[in-house]
Amino acid sequence: MAKLFFHWGSMDAGKSTLLLQTQHNYRVKGMECLLLTAALDTRSGEGRIASRLGLESVAETFAPDEDLFEKIMVPAAQAKVAAVLCDEAHFLSPQQVMQLARGVDELKVPVLAYGLRTDFRLQAFPGSAALLAVADVIREMRSICDCGRAATAVLRFDETGNPVFTGPQVQIGGNSTYKSVCRKHWFEALREHEEQEAPVH
Amino acid sequence: MAKLFFHWGSMDAGKSTLLLQTQHNYRVKGMECLLLTAALDTRSGEGRIASRLGLESVAETFAPDEDLFEKIMVPAAQAKVAAVLCDEAHFLSPQQVMQLARGVDELKVPVLAYGLRTDFRLQAFPGSAALLAVADVIREMRSICDCGRAATAVLRFDETGNPVFTGPQVQIGGNSTYKSVCRKHWFEALREHEEQEAPVH
Amino acid sequence: MAKLFFHWGSMDAGKSTLLLQTQHNYRVKGMECLLLTAALDTRSGEGRIASRLGLESVAETFAPDEDLFEKIMVPAAQAKVAAVLCDEAHFLSPQQVMQLARGVDELKVPVLAYGLRTDFRLQAFPGSAALLAVADVIREMRSICDCGRAATAVLRFDETGNPVFTGPQVQIGGNSTYKSVCRKHWFEALREHEEQEAPVH
Amino acid sequence: MAKLFFHWGSMDAGKSTLLLQTQHNYRVKGMECLLLTAALDTRSGEGRIASRLGLESVAETFAPDEDLFEKIMVPAAQAKVAAVLCDEAHFLSPQQVMQLARGVDELKVPVLAYGLRTDFRLQAFPGSAALLAVADVIREMRSICDCGRAATAVLRFDETGNPVFTGPQVQIGGNSTYKSVCRKHWFEALREHEEQEAPVH
C-alpha cells in the first residue's frame, strides 16, 4: 500500500541527503524515482537537488500552478516511476499536496516529501501545513541547536546580524541569514527582540 | 527535558482512553496532572473527560481566550503539576498552543495534547495546525476504516445520510453524524458527491 | 498490507488498555479480533485481559508449544479475524513470533503484540527479543519514573524491600514486587547493590 | 537529556550516509563527535566510515573487548565530544552496549548507533539485540525490496547464487553475496530452499 511521507526538518537536517540516498536505494533495485524540486520562478523545467555534503542529482521542477497528479500520472502509466521524491516540499501549494495524495491513493505511487516545517516566524509553510494535515507518515529529521537540543525552529537575521520576526515568508535576493535553533531559544530571541523594540517611557 | 506531545487520531482512536491511562500512570507514582478540555461555551470551569470504553475523570475546561501559560503557571509554581493533559486539543487557538509550548520550555512541564487532525473537509483544525507546526513529538493514534486501512479522515453526513463537504467546521446542535475513513475513501466520497452535484447538460 | 506491530512498555504503561481500545475500534466497524494472552500453565484455554483502569475482556490463551499460525489460520480462513491482539507477548516463544509473522505475511492478518521489553535484569524476554528482531513497527508505550523520565526498565524487590538482580526471569508464587524506573535509576540501584554485596577488606 | 538511539536498517538503507550527515550537522554548530566503527581484527585503531554515495570520514575503531565507557569518558571529560556516532553497531558486544548506555546516563553524551537488525538467518546480531533491548529511541531506516515493500531482512547467497540459511553469522573472506528483501520474500526463499533440500522418496 503506497503512502505519503512527510520528512520535515530544519535547515541542515540532511533532507536532501536522505532524498538522494533514497533515490540510490531504489536504483540499486533497478527502479527509477521521479525527483521534484521547487522552481525558482514560475516555470517548471530542469532543476537539481544538492546536499551540503556534496551529493547532487538532476530533478524536475514544479511550478506553483502545476498539476502534480498529472505530472505523476504520465510516467506512472508507463510503469517507470517507483516513487516520487519531492524536495523543498514546503513550497508546494495545498492543492498540489492533495494532488500528490491522490497520486498515492489512486496510482499507488509512494510519495516522499522533504521540507521545512516552519518559517522564521514559527508559522508553518502552506505546503508543510497541508502535508502535516494529510500525510500518512510524519517523520522528524533532527538537526541540533547550539544548546544540544533538537533544532525545530529557525531564526532569520538581517544584514546587521539582528533577528527579525516580521516580513515575507520567502525573501528573494535579500541578505538575510538563517540559523536553526530549538524552540526555547527561538522564543528567547523573540522576547529579547520585543523588549528592545518596546518604547521607552 | 519537558516536551510538547501531540497525539492525533480520528474519532474512536482512543485519545481520551490514552489520556486517562496517562493520568493513571502519573498517579501511581504519586504525581498529579492538570487535565484540560474544551469548554462548550465561552466560559471555562469544570468539565469532564470520558472515553467510549467507560472511563472518565473531572477536568478543567479552557475557554477560547484564556491564557493557558497562566493556567499552568499557577499550579506549577506550587509544584503540583507533573504534566498537562489536554483533550480536544483541536479546539485550542494557535495562541494557546504557543502558551502551552512556553509552559513546556520555561516551566519545564510536559504537555500531552490529544485531538483530531482534520475536519470533515480534510482541513486541519486551527489548534491541530499549530500543534503540528510546533510540537516536539507528533504521534498518530490509529483507528480503522471499513477497508482495514488506517482511518485518517472523517466524513460528515447530513440527516438524510448523504456526505457533506461544505459548512462550518463545528456544528452546534445539528443532526450530523460522522464516520472515520481512510483518505482514499474520503476522496472517493468527495468525487461521487461532486458528480451528483454536477449540472446535467 | 498487514503488519506485525510490537508495542512495548514497562508495567503500568497501559498496554492492556490500548489493546482493549483497539478491540473496541474494530468492533465499532463490525470487525472481530482474536485476543490472545499467555496461559498461566501449559494448557491453553480461556483467559482474560484486564487493564488496571477496570476494563477487561475474555481472551484465548496460548500455551508454550502451541502453533500460533494454525491458531490464526482457522478463524482467518472463515473470514472472522480482522486482527490478532496478543497481550503478554514477552511470553511468546521465538518460534511463535515467527508463526505470527507468517500469519501477517501469508494470511494478511495484522498482528498487534503488547508486552514488556526487558526483565528485572535488563535482559530482553525471549518473545520480546524475537519481536524486536522481526516486527514491522516497534512502538514505545511510555510510563514514568519517579524522576519524570521515561520508565524503560523494571526493578524487582525481595520481601525485605531490597532490589535483586539475579534469579529466574519469571517467578511463580513468590513475594517479589516490581517498580518501573528509568535506565539511569536502574543502573544506580545496581551499583548500590554491588557495593553492598562487595566483600569488606 | 542525552539519549541512546539505535537506527537500524538493512544493507543499502543509508546508515553510514545518515551518520556522516549527523557529524556534519554537529560540525556546522562547532561541535565534534566521536566516530566509532568495528575493527576488522581484534585491535582497535584508525578506521573509516564510508557510504555508498561516496562520502567518508576517519573514525576510531572498537575492538571486541574494549571498554567503550572508558573510551567516551576520556574525551567527554575534556568537553570535546558532543555525541558518539557508532557505525556497524551490530558488532558491539552486549557489554559494550551497556557501557554506551552508561555513557549516555552518567556522562550525558548522546550516543547514536547505526547497524543491521538481523543476519541472513533472521536472527538479531548480539549488539543489535542489546540495543533493541535498552535503547531510548529505536528508528527504522528503510530500504526497498524488489516488490516495493520495506526490506527488513537479508538473504545470503553462496557462490553459485543459491540462498543459504545456515552457517556463521559473520563470514570472513568468503564469496557470499547479500540482498535486502522484505520478510515475506525472505520466508518464501526459506521455504523454497527447504523443499529442495527435502529428501525425495
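By written order: A, B, C and D. Residues from 1 in each chain.
Going forward, contacts are C-beta pairs under 8 Å (C-beta built on N, C-alpha and C of every residue); 3 or more make two chains touch, one makes a residue touch a chain.
Predicted, not measured: the structure shown is a model, and the values here were computed from it.
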item	value
Chains in simultaneous contact with subunit A and subunit D	none
Most widely separated chain from subunit C, with each centre as the mean of CA atoms	A
Centroid spacing, where centroids are CA-atom means, of subunit B and subunit D in whole angstrom	39
Distance from the mean Cα position of subunit D to that of subunit C, given in whole angstrom	26
Subunit B: positions in contact with at least two other chains	1
Overall pattern in which the protein chains touch one another (line/ring/star/complete/other)	ring
Contact footprint of subunit D on subunit A as seen in their complex	12-14, 17-18, 20-22, 24-26, 28-31, 51-55, 82, 110, 142-146, 148
Subunit B-facing residues of subunit A, complex	1, 98, 101-102, 105-106, 117-118, 122-124, 128-129, 132-134, 136, 138, 140, 149-150, 152-153, 183-184, 187
